[in-house]
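Look for chain A in each of the two complexes below; its partner is chain B in the first and chain C in the second.
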Partner chain A sequence: MKEGRRNAIQVCGLKKKYRGFELSVPRLDVPEGFATALIGENGAGKTTLLNILTGIRRDFKGDVTYFGEERKLNAQTQECIGYTGPGCYFLPNWTVDQVEEISSLLFSGFHNDRFRSLCKELGIKRGLVRDVKKLSDGNRMKLMLAAALARDTQLLILDEPASPLDPLMRDKLCDMIREYLERGNGKRSVFFSTHNIADMENVTDYAVILEHGNVVEEGFVEDLKEKYICVKGEAADGERAGEILFSVSKNAYGFEGICLAENLDRLAGMDVAVETPTLSQISVAVMKANTGLKL
Partner chain B sequence: MKLLQNSGIPIYQQIAEQLRADILAGKLKEGEYLPSIRGLARDLRISVITTMKAYEQLEAEGLVTAAQGKGFYVNAQDSEMLKEQHLRKVEEALLEAIRAAEIARMTEEELLGTLQALLHMEESRDTGD
Partner chain C sequence: MKNAMKSYLVFTSRLYRLVMYMLLPGVCGGICLWACGSGGSRAGRGVLMAAALLLPMVETVSDSWLFAGVQNLSYTNLEYLKSSGRGGAVMRQALTVDVVRKLVSSAVILGLAYAIIGLWELLSGEIKEGLWAGAVEGAFGFWGAGSGTGGVLWCMVMCSFFFSMLGTFLSRYGNMIWINLMVGYGVVALEIAGQFLPGLSVHLYGYGGIFGLLGLCVGALAVRTAMARMERSYYDQRPFGRGGPGMGEEESGM
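Let's turn to the complex of A and B:
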């Protein structure tokens, strides 16, 4: 699964300094043909990273190349990348029709018919006098998704696409990502940031966890699920287990935590039960271990 | 295909298990291609890497072969190996029955008697229809 793999994005020696914060990514590969999730605390640097990858931010040190071909970010590359973000890049007084008109002028690979059917599918009411500024957060996100998916692209970079959406639409978003990947037949990739790990777990192939501007864990989800293990045990062993476990929560009845699978034999002699962790459990454990916050 | 999210059995194993059963039962024939990895992921509403892992497991077991750029096709199933696989299943099921019988403190005669009774029941059902 890893041999002969191409990268949709390759980051080398990336550095971006703000006052009191530095994003530093010596190396990051976003695999081609998969959906990759970018996970991390508020302020970990997710949006900064995604903005650099999409070209919204250009003041940084380091190299970013695309599609495994040493391609830099230029007009031709950007034609292959679709983006949605927390803000809104449509002007506030545009109507849905104008979004369509201007998108088709801006991008050669924009399909008007596909945009219309996506609007219908997502329940975006056209025709009604609706300025983009009057749309709710959720509807604005749906409109951006429709505009991005109506284009012929090879890579989608989505900054928090799930946050403003309701549960039904998040489900739909997952379906749309899977369908996007399927149509690409291994050539299309999606890189999205999210706090809604549980909702997005069934569409996540590769996970990147970012803390304080550093990548603290990354890997294919199925591999991470073998690397970490979820352990549950009796209260009496809580103290001792706490020293071995990665992150642990204790109460009067027992403890529960995540540990590296390779350290499991150090729990020998304790009365514990183990199970495969979910991506959310792994993420929370890794974040807890790296956070500066006292929880 | 039925996948259970909370059964404790990893999803990729559930997929591999069901495809394996289809291959051994001859429902998926020699040379036939498995559904595409991303197509199956879309249909089952799971991640691509999960279906990929299921296919890789079947490949490791020698049931399918990966063809570069074309997907996975079903290998010729050696009839000896097939028989072996089924035999293993029978042994596993019988072992489980033996353990249950121990808990219920059944004697050897009772256990064999039950097996024979069940065999007769199956036989009469088979000839019945």
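Let's turn to the complex of A and C:
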């Protein structure tokens, strides 16, 4: 399935400078039919990248094409992309009803009945004076999701959808993403940024890790779990193992860390146990290895 | 036209529509009728004058629920609109219809009060003939005889429209209601000062035309400024920079 696959988004030589920060993505493929997670620390460039992909930012160098074709971002492409963004997304004085009205005007594939049913399902109360600014962060995110999912789209780009949601809603969000993909029969894709890797792991098929504006790791989660390995061992071996491991956490009883599976033989002679790492562990290890922060 | 109306209406909540399109003309007409009933047409004239002076303030304050801060450099609430290919067109249409709506609102509200006074005078026997001519000459005699019957209404509507547009334009640089309120007070003060323009009572049509033209110019400026702000938001902000591709460090890749 991975061979000869189509990409929902293909980025080539993307460069964007912004106030001393540079986003540089020589090549990025977001596979079609899958949920792709964009992972990175604060300020890594995730929102900038997503804004470029949705057409909210237009000053960049490089080439972005969509849906496996030479399709550039234009009104027609935007019609196929559902997007949820950070707090400043809707006009604060809009009511939930206005969001429905304006959505049906902005997007031809918007279904009012689907929006109403999603609002009901997600517990968004409607009324005469229910301003968006009076909604909690979580409810505002639910409203954005309802507006995006009420449309006929091929691609969802979600900026930190899980952050403002409670654990129950995060679980629901994963279900909704999975259902969205299933209904698309391999033609729909989701690209979302997240800090809540553990909560979103069960819905993530492909992961892209961004650090300082650069893609430092990407791949299908199952491949990443073969590429990296979680190592646990005795405290006495901690120092020696630390030279091989990407990231290591030590305590009085032992150490735990992540290393490349190909480096496993370098741990020979040490009393270690190996496990398949979680995406969260891989992400933290990769980020730690690339961060400029002193941790 | 239908799309433009739709674009404008989606920016207004049901509550806003209820207040601005039903309640405001209703209350204004009702107070005018009550004033005529309790104090005669002279009291009605007072209400009409007050309505003409206060309408720009109402328009300025109520704009806070529609386009507050839309001309502000730090305005960042357009992402949903920008995520659609139609977002720019919808915004432009909404802003344009808002200008026209302000003119129509001034004409309808003041025209309604004007008609109520005239009708009252006719029915109460204050004037014997010529509903409009009699009402206007009687009501606005203090503005000078021979100024023309329709001229007073024309001038009041245009004056109210111009100051409504001016207040709206200035207040859109801020995004808090108290800014709209302060600007509202300011435009009312300016409008009162405007009543002392030399020869106003004689050249009502001329002044009305000038006010109308200025109102349209400020309206066009308001649309242009908000749209330029929206266009700039696609690109990196520079304190004194211009919008459009090439203004930032990078050129558009689209």
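Keep in mind that, in the parts below, the second predicted complex is superposed on the first by the 293 of 295 C-alpha atoms of A that agree within 3 Å, B and C clash if a C-alpha of one lies under 4 Å from a C-alpha of the other, contacts with A are read in each partner's own complex, and residues count from 1 in each chain.
As a convention for this text, a contact is a pair of C-beta atoms (placed from the backbone, for glycine too) under 8 Å apart; a residue touches a chain by one contact, two chains touch by 3 or more.
Not measured: the values here are computed from a predicted model.
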Report clash or fit for the pair chain B and chain C bound to chain A in the combined superposed model. fit
For A:Leu181 in the superposed arrangement: first (chain B), second (chain C), both or neither? first
If you stack the two complexes on chain A, which partner ends up touching A:Ala235: first (chain B), second (chain C), both, or neither? neither
Quick check for you: in the superposed arrangement, does A:Leu260 touch first (chain B), second (chain C), both or neither? neither
For A:Lys15, select first, second, both or neither according to whether it touches chain B, chain C, the two together, or no partner. second
Count the residues of chain A touched by chain B and by chain C, then name the partner with the higher count. C
After the superposition on A, what does A:Asn74 contact: first (chain B), second (chain C), both or neither? second
So, A:Arg57: does it touch chain B (first), chain C (second), both, or neither? second
Could you tell me if A:Ala35 is touching chain B, chain C, both of them or neither one (first, second, both, neither)? first
Would you check which partner chain A:Thr204 touches, where first means chain B only, second means chain C only, and both and neither mean what they say? first
Using the superposed model, determine the angle chain B, chain A, chain C defined by their C-alpha centres, to the nearest 10 degrees. 140
Going by the contact rule set out at the top, does A:Tyr89 touch chain B (first), chain C (second), both, or neither? second
Aligned on chain A, what is the least Cα gap between chain B and chain C? Give it in whole Å. 28
Across the complex, what residues on chain C touch chain A? 6-7, 9-15, 64-66, 68, 76-87, 90, 234-236, 245, 247-254
Note: in the complex, chain A contacts chain C through residues 14-19, 52, 54-64, 72-76, 78-79, 81, 83, 85-86, 88-95, 97-98, 101-102, 105-107, 128-129, 147
Chain A partner contacts - residues on chain B that touch it in the complex: 8, 10, 12, 36, 38-39, 41-42, 45-50, 52-53, 56
For a test of understanding, state which residues of chain A touch chain B in their complex under the given definition. 1, 33-35, 174-175, 178-179, 181-182, 184-186, 201-206, 220-222, 225, 275-276
